[in-house]
Amino acid sequence: MKLAPAIASLAVLFAAPAAFPADPIKIGLIAEFSGPFAAYGRQIGTGMKAWLKEHGDTVAGRKIEIIERDTTGPSPEVAKRLAQDLITTDKVDFLAGFGLSPNALAVAAVATQGKTPMVIMNAATSIITTKSPYIVRLSMTLPQVTEPMALWAAKNKIKKVYSIVSDFAPGIDAESAFQKAFTAHGGEIVGSVRVPLKNPDFAPYVQRAKDAKPEAVFIFIPAGEQSVGFVKAFAERGLRQAGIQVIGPGDVTDDDVLEAMGEPTLGMITTHHYSFAHDSPQNEAFRKAYASVSGAKQRPNFMAVGGYDGMAAIAAVVTKLGGKMDAEKAMEIFKTYKTESPRGPIEIDPQTRDIVQSVYVRKVEKKGGQYLNVEFDRFPHVKDPVKEATKEAAK
Amino acid sequence: MSVAFSLPDARWRAAEIAFWIATGLVFFVFPSHLVLASQVLITGLFAVSLDLVLGYAGIVSLGHAAMFGTGAYVAGILARNGWGEPLSGLFAAGLAAAAVAFVTSFLALRGEDLTRLMVTLGISLLLYEAANQAGVWTGGVDGLSDMQVRDLFGVFPFDIRGRTAYLYTLAVVFLVFCAARRVVHSPFGLSLRGIRESPRRMAAIGSPVQRRLVVVYTLAGAMAGIAGALLAQTTQFVGLEVLGFSRSADLLIMLVLGGAGWLYGGLVGAALFLVAQSLLSRLNPVYWEFWLGLLIVLVVLLARGGINGALTRVSARLGLARRQA
Amino acid sequence: MLSALPGVLFDGVAYGSLLFLISIGLSVTLGLMNFINLAHGAFAMVGGYACVVATLRYGLPFGVALVVAFAVAAIAGGVLERVLYRRLYGRSPLDQVLFTIGLTFMSIAAATWVFGSGQQPVRLPDTLLGQTRILGVDVGIYRLFLIAIVFALASGLALLVTRTRFGARIRASVDDARTAAGLGIDVERVFSVTFTLGSGLAGLGGALGIDVLGLDPTFPLKYMVYFLLVVVVGGAGTIVGTLCAAMVLGIFDVAGKYYVPWAGAFVIYALMVALLLLFPRGLLRRIR
């Protein structure tokens, strides 16, 4: 009967002592480290550590300490509990991480209540940054990387597109962002289908798309076994032989899963903000630091670069504050943040606290025995189109 | 599990009183772990509701999240649309979940154990997909945010340390638990145990088996709905996972860990599972599932009948008279 | 739309074959031995990883890798049966559920530790890739291959259970262990061989399934619903029932996705509930 308190008393052993000025800068990293989305947490966490490896873990005289917490998957109540504990017990200076949107959305209110800056390193639903003035995003929004795909397709004489998206909120966001921009530029959607989230067999959907005889198939599905399943069905149904191009935001050719999918991905054209193959000294340094931290031959993907850039932004803010933390001032500094990241030039839009960045058009090619997303065109200075549309409407 | 043939003794025993005093003391002893503590209580209440169905009436269910999720969404949708008063929200959520339980009971109560297991699972998965499709109301996978839960009694705001949330949760869980305890100790509760042991004999002595099962399933549904609403109100967010498979599966694990057919098994199991999960995942965010799995395996191998079984044997060895509830 | 029907039917049968393959191991342990082995998916995962390691690290041909997958999973199952499972045969179903879920958790973490959390690459031999044309219908070669394996496996197993001495021993041991032992059947050995066989089949199914399903450490939990669904709808204890259930579910699911995609997610669950209400004891018992 006394079991619960007895176990809970163990918890005290792990609780941190109260903070005092010479303490390190504490970052509470809330991400998915176990369960089906474990790759998210690993990518984000390793990305942050890669930055520390490259630049040292002391900023403005204060050591950086990352406290990792596992949300166990899409589990808003756990994410929120972790955030509350991190703020009230561990007294963290920043909240960071957030691979999945529901986890970020549930924590938003805690960031406001606890007046703690919250750095989004992956979650891509547009509305997240509107939920708290303490949120800043260094990853992307889905419409931001999807709209350029539509513009590029329309410009490159692709007229008829069949759209396949996963049947959940991000999928619907991607579908509407693409369709709106594509039809506005003279394209035609010859058919569209939403695929259930738990769907082991893509063949019927791909067959439907093939039967509609489009010039291209637009695809958005979460990376992982879903994209593996799609790519297999795509290859088996011979869509490439039928001359049908695959286009979509970069999730389907995610660098983390690309090698596992292999040959059938060749020639797929996607738009995204980061490619492992991006050619720049910054990216070279990032890849090196990442490899030395992760040890394995696991590639960094866009989530890793989100973690890396988020860590860089936090460090820049701490430096400007001279090591003396102040949440309000920190947010002001975040709003003017601008840098050359491994993905290219990025900056924060001071009005929305959302990221502004280049979006690249890439094609999967095989180079030196590796499958790579090779960038060949780019849209500079892209803002989140959803928020831009709201701004327009408000005028 | 021995079956009592006289009306069960409904008096509160010392150990029970101590248990509830201890949960009250948590508020003072662990002020920095109140959020976890309230989530333990909420999940515990959810497990107690499964215990009514499984431990007492013998209906296996792998879809209890259907009612939990219904309650959570009802409370969430009300609070987002301007009805932020928590108590009436709880009430509405309990009613809605009871309605879902009543309607689905006619499907869930047919067949044998495995059939029931899969039918209940199927119902909860269908609701999950429906909630995903109804993004306008539920927010789909992104979850339902912007809940405006008003201050409790118009006085106590839900604070970041979770103090109000804990006391609110504790009070609600205790009251609902008392109701469940009342049910279990009534002649109705006794007849449920009879049905669990032998539905055919109960029918032969004139007990309306089917009707009793529908009633207990509906009651348990209301309890699960209240638990869901509590989670929604204290988190001020509803994620699609309130209806997920793992919510039902973890619940079953917790109940069996604590021991079914005991009422306290749900609370003890939830505490053990969630506290272990929280501690282990702090120590090792990536591989903690291994240790949790090991813990579960060891409990099965070493403590037959869950924690309840272990406690019974220990107290028997110590020569303490301990009667089954 | 109707012109697509033969293709849809073929895909349905192929998908049904896949469902059968990933569930058949469970059908053996649950159906024949009355043991609720929720860690079934873990054995399938073991087979999957064994296949990946055999083909990619040791360069073995796919056919050999399938044998390796069966063997590795069977050995794992055989050892675990000796050490752990045996103690739980007499215990309540809930204890079995709890125990095997615990094992599943451990297997997920262990797989993450050894192989990392990412998706594993699966390389099929070129002869199994692409499509071929049969009777005017484009059919995937790998799908054809799966269907062939399924029919070979199902008939082999059905014969084993109903026509051989060993099959008779299994049925006798499950129905009444004490009497069977009294008749001189080594019940312990029969169970242990059956469990080993079931685990091996799970591994084989995993290895064959990963090309479509993908392979990462959460495999055992992710597809648990599907294993259970097929076995329970088919009716515990019959190989042919499992086959029927897999085919019905496969065909309707694929047809649903093709013809009414907006309802795609609901088809398989709604069908499961409907079938269970119509045939509460499983498809085959009613058909008989």
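Things to note:
In order of appearance the chains are A, B and C, and numbering begins at 1 in each one.
What we mean here is this: a residue touches a chain if its C-beta (ideal position, glycine included) is under 8 Å from a C-beta of that chain, and two chains touch if they have at least 3 such contacts.
Source: prediction; values computed, not measured.
Viewed as a contact network, the protein chains are fully connected, with every chain touching every other.
More C-beta pairs in contact connect the chains of A-B than those of the other pair, out of A-B and B-C. Work out the mean CA point of subunit A and of subunit B, and you get 35 Å between them.
The mean-CA centres of subunit B and subunit C are about 32 angstrom from one another, to the nearest whole unit. Multi-chain contact residues, meaning those touching two or more other chains, occur in subunit A at positions 34, 38, 42, 167, 196-197.
Residue positions of subunit B touching 2 or more other chains: 129, 132-133, 246, 286-289. Looking at subunit C, residues 109, 112, 221, 265 sit in touch with two or more other chains.
Within the complex formed with subunit C, the residues of subunit B that make contact are 60, 107, 110-115, 117-119, 121-123, 125-126, 129-130, 132-133, 245-246, 249, 252-253, 256-257, 260, 286-297, 299-301, 304.
Those residues of subunit C whose C-beta lies close enough to touch subunit B in the complex are 84, 87-88, 91, 93-95, 97-99, 101-110, 112-113, 221, 224-225, 228-229, 232-233, 236, 265-266, 269-270, 272-273, 276-277, 280-281. Taken in their complex, subunit B has these residues touching subunit A: 15, 18-19, 22-23, 25-26, 29-30, 32-33, 35-37, 39-40, 129, 132-133, 135, 139-143, 145, 159-162, 231, 235-241, 246, 264, 268, 271-272, 275-279, 281-283, 285-289, 307, 311. Listed in rising order, the residues of subunit C touching subunit A in the complex are 4, 7-8, 11, 14-15, 18, 109, 112, 116-123, 129-131, 138, 140, 142-143, 211-218, 221-223, 226, 253-255, 257-258, 261-262, 264-265.
Of all residues in subunit A, those touching subunit B in their complex are 1-5, 7-12, 14-15, 33-34, 38, 41-42, 68-70, 72-77, 80-81, 84-85, 87-89, 101-102, 105-106, 108-110, 113-114, 125, 127, 131, 167-170, 172, 196-197.
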